[in-house]
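Per-chain numbering from 1; labels A, B, C, D, E and F assigned in written order.
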Amino acid sequence: MSPDPSSDGYFRHQLAEVETTSIGARTRVWAFAHVLPGAVIGADCNICDHVFVESDVIVGDRVTVKCGVQLWNGIRLHDDVFVGPNATFTNDAFPRSQDHSEALLETIVETGASIGANATILPGVRIGRSAMVGAGTVVVDDVPANAVVVGNPGRITGYVGTGDAPRIGGQTTTPPSDDPMGRRGVRVITAPVYHDLRGMLTVTETDSLPFVPARFFTVYGVPSKEVRGEHAHRVCDQLLTCIHGSVRVLWDDGVHRGEVELNDPSRSLLLPAKVWGSQYQFVDGAVVHVAASHPYDADDYIRTYDEFLAECGPDTSA
Amino acid sequence: MSPDPSSDGYFRHQLAEVETTSIGARTRVWAFAHVLPGAVIGADCNICDHVFVESDVIVGDRVTVKCGVQLWNGIRLHDDVFVGPNATFTNDAFPRSQDHSEALLETIVETGASIGANATILPGVRIGRSAMVGAGTVVVDDVPANAVVVGNPGRITGYVGTGDAPRIGGQTTTPPSDDPMGRRGVRVITAPVYHDLRGMLTVTETDSLPFVPARFFTVYGVPSKEVRGEHAHRVCDQLLTCIHGSVRVLWDDGVHRGEVELNDPSRSLLLPAKVWGSQYQFVDGAVVHVAASHPYDADDYIRTYDEFLAECGPDTSA
Amino acid sequence: MSPDPSSDGYFRHQLAEVETTSIGARTRVWAFAHVLPGAVIGADCNICDHVFVESDVIVGDRVTVKCGVQLWNGIRLHDDVFVGPNATFTNDAFPRSQDHSEALLETIVETGASIGANATILPGVRIGRSAMVGAGTVVVDDVPANAVVVGNPGRITGYVGTGDAPRIGGQTTTPPSDDPMGRRGVRVITAPVYHDLRGMLTVTETDSLPFVPARFFTVYGVPSKEVRGEHAHRVCDQLLTCIHGSVRVLWDDGVHRGEVELNDPSRSLLLPAKVWGSQYQFVDGAVVHVAASHPYDADDYIRTYDEFLAECGPDTSA
Amino acid sequence: MSPDPSSDGYFRHQLAEVETTSIGARTRVWAFAHVLPGAVIGADCNICDHVFVESDVIVGDRVTVKCGVQLWNGIRLHDDVFVGPNATFTNDAFPRSQDHSEALLETIVETGASIGANATILPGVRIGRSAMVGAGTVVVDDVPANAVVVGNPGRITGYVGTGDAPRIGGQTTTPPSDDPMGRRGVRVITAPVYHDLRGMLTVTETDSLPFVPARFFTVYGVPSKEVRGEHAHRVCDQLLTCIHGSVRVLWDDGVHRGEVELNDPSRSLLLPAKVWGSQYQFVDGAVVHVAASHPYDADDYIRTYDEFLAECGPDTSA
Amino acid sequence: MSPDPSSDGYFRHQLAEVETTSIGARTRVWAFAHVLPGAVIGADCNICDHVFVESDVIVGDRVTVKCGVQLWNGIRLHDDVFVGPNATFTNDAFPRSQDHSEALLETIVETGASIGANATILPGVRIGRSAMVGAGTVVVDDVPANAVVVGNPGRITGYVGTGDAPRIGGQTTTPPSDDPMGRRGVRVITAPVYHDLRGMLTVTETDSLPFVPARFFTVYGVPSKEVRGEHAHRVCDQLLTCIHGSVRVLWDDGVHRGEVELNDPSRSLLLPAKVWGSQYQFVDGAVVHVAASHPYDADDYIRTYDEFLAECGPDTSA
Amino acid sequence: MSPDPSSDGYFRHQLAEVETTSIGARTRVWAFAHVLPGAVIGADCNICDHVFVESDVIVGDRVTVKCGVQLWNGIRLHDDVFVGPNATFTNDAFPRSQDHSEALLETIVETGASIGANATILPGVRIGRSAMVGAGTVVVDDVPANAVVVGNPGRITGYVGTGDAPRIGGQTTTPPSDDPMGRRGVRVITAPVYHDLRGMLTVTETDSLPFVPARFFTVYGVPSKEVRGEHAHRVCDQLLTCIHGSVRVLWDDGVHRGEVELNDPSRSLLLPAKVWGSQYQFVDGAVVHVAASHPYDADDYIRTYDEFLAECGPDTSA
C-alpha cells in the first residue's frame, strides 16, 4: 500500500488510530499506530506501525519514528529527528504502579539527532543537535551536540563528522602535522623536548605563544565518564596541554569539526575564541593544564551549542 | 478517549482483542492489546496499547503494564506491580524454534515491584517486593526485596527507602554518629584505634558488647556481584565488621530501612535479632567478620522477606 | 482462538494485515502483525502479534518470530531460526531521518540460530549456524556458528553443545584426562615439567608428537574480545600451547564438540586435520604457540562452517 | 705462634698494644690490636688482629672480635658474642668532624648474639640474645632475640632454631598437621570452610575453643618491615587468625621454638600463656585478628625475652 | 696515652709509620696508621688507628679519619670532613690485578661533609658541602651539598638542616601555612579549587602571581632516583607546581634551608631568585610544571653550591 | 719506601709480620700485614697494609690484596685475582663465638676475577673466572664467569666484555641487524609478523631454520634473580625465543662475547653448538621457548666454563 495523502493532508493507514487533529502535511501514520488527542506532529514525518503517541507530545517536521516506539507525555522531538525501532522513552524516574505523585520529566531530542534501535532513554535528558545514540544504548545523561554515545550506561565514543581528525600519541604511527585546522586557526603547537637519563623537560617561551596568558587552570580528578569544557569563548583563546594521562578534545568552529587526542606534555592544542570545545575520555588520571588569554569573565562564555551556532556558525562571518 | 467501564465491569478499547473472561473491575485494556483465553487479570489494572498476554498468566490488582510488553505463560505479577514500556519477559532459557521440549520457567514479580522501560527479564527469576529494576537493565538473577538493580548484567546499586543511611568511610566527610537507628537498636559500634608507626590496632572487650559471642564466622572470597546475608534471625544478634575492603549492609527492621558501608576494622554494625540484613558490593577483596550471640540453629533463620514481614513487620509489636 | 489454516494454506489471524502472497503452508500470522507486499515467508513459521515485516525480507521454514519484532529490508532468516520478543534488527549503520543515501546492510541469521528476547542486532552482521544470542545482548560483530554471545557489547562466553568439555587449569579441581575426545582424536598432551627454585621447564621431544612440525607460529597481542582460528584444515594437524595467560579453544569434529581452556605451558591441545577450531577469551596477555604438521598452504583451509560440515560433517566418513 | 698466657693471665701478641689492665684470664689479644686504658674485657675472649678498643667499652666472657673491628665508647658486648671481621660499630648518629656536642649512644649486643662479617651497626640499637646479623647487613633498628636479620636496611627473615616449623599456605605441598607443638600446647586450629559460588565462609563456635574470648583485637596497616607482638602473657591465651594477606608468627615456649605462616582465615594459631610470640613479614596488607582469653591487664605482659626466660625458660617447670 | 705534639708540631703515636713531611700542627696520627711520602695533611686532624694514606692525597684542616680507612691516590678531603670507621674509598672503576692502564679517578669530599661508618664510595664522585652519607651506604653518584644519602645504592632521603620544613600532602595532619619562609620570601601559594562530581579545577590568575610568567616548562618521566634543579637563578623567579604524583623540593637561601613536598595541583612553591633549589624523590610519575619570570638565559644560572654561597650566602646582603 | 726484594726473594716491610715460608718471588708484603705460618702465597703478589692471612690459605700469582682484607682458612685465590680494600671474606655460615663445630666452607675466586672495595663474600661461594664484584656488594650466590654483580644481595647486571652487544627491544632506537656475531655464527633470526586488529601472528617455517628441531622446551616461572642456561653444547644447536616478558642472553664463543636482550616473539637468537650461553634478568614473567637440534643427551653438555674454554676456547680450532 503506498502512502497517499488523506483528505487531511497527511496519510493515515486504515488500521491506524489517530485521535489528534494536529498532524502536518505529507506525514504518514501507519498500521496499528495510535496517536492520542492533543499530540502535535509536524509535516513530512513518518510514524510507523505499532507506534504509540500520548497527548502532551510535540514532534517537529521530517521526523521518523520507527515501529514499536512510544512517545510519552513530555517528549519533545525537534525537526529531523530519527527514532529507531523499539527505542524506548520514559518520563518517570521512579515509576510505581498507579502512583502519579512525581512530576513527569521532559525529554528533548534536538534537531537532527538520531536514536538507535532498541535504545533506552532515561527521563529528563536532553539529546543534543545531530547527536547519535547507538543501537541498544541506555542513555543516562545529557548527550552533547554531535556526540556519539554507546553502551549501557551510554558513554561518548566520538563525535560525528570528525573522521579526519589527527590523533596525537603512541598508537599512531604518523605524527600529526601542526598545520592549522578549520577556519579559526585551531592547531597543535609542539614544544621542544629535552630528554636525558634524568627525564624529560619541555619548554614554552611565553612570547612564542599566540597570546599572553592571563590565567591558568588545571583540571584533574575527572572520572573517565565525564565530559568537560563544552562551551566556546567569545574573545578568550586557550591552550590545552594534557600533562598526564590522555584526553580527547573536540573542536568545532561552526563549519568544521575535529578531534585531537592529547597525551604528551610537549604537544598542546590551541583553541582560539569562537571555537566550541569539549574534552572527554579522560584516562589514566588525565591532568589537563590550560593557559587562557583573558581573566575569567562569565560573559565570555557561550554555553549552549545552539547559541554558539547562532553567533559563530556557518552563516556568520569568520 | 476516556476509560469507561465496559459492560463487563472493566474497560476495553474497541481496538483491543480480549479473549479471557477473567478481568477485574475497573481494569482498562487499550488499543491493539491482545489477551488470550485463560489469562487472569485483577482489578484496577492498566493494560496499555500493543500489550500481549498469553493464557497461563496471572496478574494481581492495581498492576500497570505499559505499551509493547508481552506476558508469557508462567509470568506472575503480584499486586501493584509496574512494568515499563517494551520491558521484555522470557520463559525459555534456551529457546530454539519449534522446540518445546524444555519446561517453561515461571517468573514472579512480587508486590509493589517496578520493572523499568526496555528491561529484559531472564526466565525463572523472582523480583522481590518493592524492588526497582532500572530502565534498560538485563536481569539475570533474583532481585531481593527493595533492591535497585541496573546494568547489563543487572547488579544491585542500592535499596529503595534508605536515602538517609549513614555511609562510613573515607569518601564521606561527616563521620556517622553511633546513634541507634530504627526501632530495634541497629547501630554502629566504634572501637578504639591505637595507631603508631608499626600499624594500627583496634580492640574490643567482650563485655562491652551487647551480647556474649557464641560463634564467629568470616566471609571472604566473595565475587563483587554477590549478595550475602539476606535473612533475619529470630533471637540471634550479630555484630559485623569489615576487616578488609568494603561492603555495604542493608538493614531493615520491618518499618525503617537503611544502608551502612563498612570499610574500617574499628567500626562494626550491630544487627539485633528481628532485623533483616543483606550484604552486597563486596569490593577490594572484602572480608567480613561476624560475631553472633548464639550457636548455629537452622530454626532461628527467617529466610524470606515475606515471612520476615509477617513476623517482624509494621503490624507486629517491636 | 486456535490457528486454523486459512484458504491460502496458512493461518492468518483476523486482526493481522498480510499484503504478501508468499507465505508457506501451515505458517501462522497473528493479531496486529503486518507483512508488506513482496516479503517471502516459508512454511511452518510462527509470526506473532505486533510483528512487522518489510518487503525485501526472506524467512525460511520453521522460523519463529515472537511479538514486537520488525524484519526490515535486507533481513534474511534461514530455516529454524528463533527471534525472541522485542528483539530488534537494524539495516542502517548511521541512521538519519529521511536520509536514504546510505546503502542498507544485509543481516543474515543462519540455520537454527536463536536471538534472545530484546536483543539488538547491528546492521550487516552474520549470526552463524545454531548460534545463541542471549536476551538483552547488543550484537556488534559477526557471531560464529554455535557460539553463545551475551552482554552489551556482546561477547562470546561459550559454545553450545560443549557442556562436557574439560577445563584445564587452576580453577577446576578435577584434572582432565588425556583421553582422546570425539571421532578425530582431539586430545590433551601433557609434557613433563621439571620444577625447582630456579623456575619451571617443560620439554617435548619431537618424536613423541603425532607429527613432525613443519611450521611454528605464535599468536599474541590479541584483545580479549577477539576470536581467532575459526577454520579447519584438510590435512594439517596442529598442536596448540598457551604459553602465557589463558585461552579457550573450541573444537568441533562435525559430530562432537568441546571446549578446552589452555593455561599451562605443559599442556597442549592436539587438533588433528578435519577438526574445526576457534580460540577465544584470550586473557592476561595470552600467548599461543602452535606447531603445525605442514607448511602454509592456502588451499588447506576450510574457512566457513558450512563448508566444513559439507566436507567433514556427520554425513561424511570420519 | 701459639697463644700462651702472659704473666698477666691472658695472652698478648708482641705486636699488640694493650693499655688497659682489665682483661680476663685466657683471653688472647693479637697482633696490631690496640686496647685503650679503661676498657674492660672478660675471660676466654679472642681479640683478633687490627682490632681497636676504646676506653668506655665492656666486653663479657667468651666473646670473639674478629679482625678489623673497632669497639667505640659505649659499646657493650655481653657473654658469648661473636663479631665478624670488619663489622663496624658506630656511636654518633650524626657525626661531624671535631663536633662532640651530641651525646654518644650506647649499643648493646646481648648474650650469644652474632654479628656477621662487614655488617654495620647504627648507634643506639640493641641486638637481642642469640640473634644473628647476616654478613653485610646494615642494622638500623633493634633486633629481637633469636631473630635473623639481613640486607640494607636489615630486615628479619626468620628466627634461629625454628627449622622444623610448619608453614601454612599454598607454597608448601605438605599441609601441616594440627598436632600440638612444644611443651605448652601451641597448635594450629582448623575451622570448617563452606565454599560455594558466592564465596567462602569459615565458622568457629566459641565453645569449641580452648578458652572463652574476653577480648578481640585486630591488627592492620602494618608496614612489611615491622615486627609486632614480641611478648608473652602470664595467664592469657590467644588465638591468632590472619584474615587477609599473610604473616609469620614465631612461638617460643622457652625450650622449643617454631614459626608458622598464617595466610588462611580458616586456620588459626593457638598461643597459650607462657609462650613468647612475635609476628613479622606482614605482607599483602595483612590483617590479623586475635581472640584473647582475658581482658587487658598490663601486669600480664612479659615484655623482655630475658624476663621471659627467667619466668618460663628451660629451668622452670612447664 | 694522651696526644702530645711531637717535635714536628703534630702528634705521632710511637706505633704509627709516617713517611710524609707535610702534616699540619696539632694533627694526631695514631697507632698502626701508615702515611706514605708525599701525602699532604692539614692541621688539627685526627688520623686514627689502622688508617692508610697513599702519596697523592690532600687532606684539609680539622678532618677526622676514623680507624680502618684508606685514602688512595686521588682522594681529596676538604676542611672539616668526617670519615667514619672502615669507610672505603676507591679510585679504579674497573679494577684488575696488576693492571694500571686505566686512569685513576679523583674523589672529592667537600667542606664539612661526613661519610658514615663502613660506607663505600665509588671512584670519581663528588660529595657536596656538608652532605651526610649514612652508615653502610654505597655511594654511586655525586651527592649534592647538604644531602643525606643512604642505602645500597645510595639515594637521597633528605637534606640536613631542614627539620622544620613543612610537608604538603596527605600524610600530614596539619596543613602548612602559606607564610614566607627564610629571608627571600620562599612560600607556598594556594590556588582555589573547585570540586564537583566532574572532577577538580584549580585556577590561577596571572596577575595574582608575584611575577608575569615569561616561560613555562614541564618536567616529567623522571626516574625516582634522580635529582633535578640543583641550581639558583640570579634574577629569575620560579613557581613550581606538582601536577601529578609528588616531589620534594629543597630550598636554601644561603642562610635558611627547608623542604616542601609538593603533591597537589592547587599548591605551588614560589622560589624567588637567589634561592638554591633542588627537586628529588619524584614518585608516582611526578610531573612538575614551572612558571618562570624570565626567558631562558644561561648566564642567569648559578650552577654550583659554592658559587651560590659566594654570591648569595650568609655574608652577602639579602 | 720502595719495594726491594728481601733476601728471601720477596719484599717484606719492616713492620709486617710474616710467619709463613711459602711466598713467591717479587711478592711484596706491606706494613702491619700479618701472614700466619702455613699460608701459601704465589709470586708477584701485592699484600697491602693491615692485611691478615690465616694458615690454610692458598694465593696464586700476580694477586693483589688491598688494605684491610683478611684471608681466612679455606680461602683460595687463583692467579691474577684482585681483592679491593676492606673486602671481607667469611668461612662460617652460622658463626657463634667459640663454637667450631661446623665445618668451615671453602671460597674459591677463579683466575682474573676482581672483588670490589668493601664487598662481602658469604662462605662457600665460587666467583668465576674474570667475574667482577662491584664495590659494596654482598655476594650470596656463586658468580658465573665474566659476570658483573652488584647490590645487597648481589645480582648480575651484565657481563664484562660485551659492550658492543645489540639490545633488541623498545628501549633502543636502532634495531639490531641480523648479522652473525663471533666466530660460530650466533645470530638473531627475525620472523615475519602479521599484525591486524585481532592481534599479532609470527610464523617460522621449519625448513627456514638452520636445523630441524628434535626437541622443544619452555622455561617459565623463573624468579628475576635467577640465572639459567650456563652451559654449552657439544653438537646441539639451539634457537631461543622470549615469548613473554624479556630476558638477557649472554653468548660466548670462547673468543668473543656478547649480550642480546630478547623481548619480542618474532626475534629469536640462534646459539650454535660450542657457544657458552646463559640467560638472566628474567623480567615481567619471562617465558622462553627453545627449539633444539638434538634430543636430550647428558653427554652433550659442557657444564663448567673452564671445561668450555679447554674444548672451545681461543686455542682451539673453531
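Basically, contacts are C-beta pairs under 8 Å (C-beta built on N, C-alpha and C of every residue); 3 or more make two chains touch, one makes a residue touch a chain.
Quick caveat, the model's predicted, so the values are computed rather than measured.
Listed here as common contacts of chain A and chain D: B, E.
For the pair chain A and chain B, chains touching both partners: C.
To find the repeat of A-B among B-C, B-D or C-F, check which pair has over half of the same contact pairs by residue number; it is B-C.
The two copies, chain B and chain E, are related by a rotation of 180°, based on C-alpha atoms and rounded to the nearest 5. Chain geometry summary: the mean Cα position of chain A and that of chain C are 36 Å apart. Rounded to whole angstrom units, the spacing between the C-alpha centres of chain C and chain E is 67.
Work out the mean CA point of chain A and of chain E, and you get 56 Å between them. Residues of chain F found to touch two or more other chains are 32, 50, 68, 86, 118, 152.
Applying the touch definition to every pair of chains gives A-B, A-C, A-E, B-C, B-D, C-F, D-E, D-F, E-F. Contact residues of chain F toward chain C in the complex are 195, 197-207, 213-223, 226-228, 241, 243-244, 265-266, 282, 285, 287, 289, 291, 295-296. Considering their complex, residues 1, 15, 30-32, 44, 46, 48-50, 62-64, 66-68, 80-82, 84-86, 112, 114, 116-118, 132, 135-136, 150-152 of chain D touch chain F. Put simply, chain A touches chain B in their complex at residues 17, 19, 32, 34, 37, 50, 52, 68, 70, 72, 86, 88-90, 94-98, 118, 120, 122, 138, 152-153.
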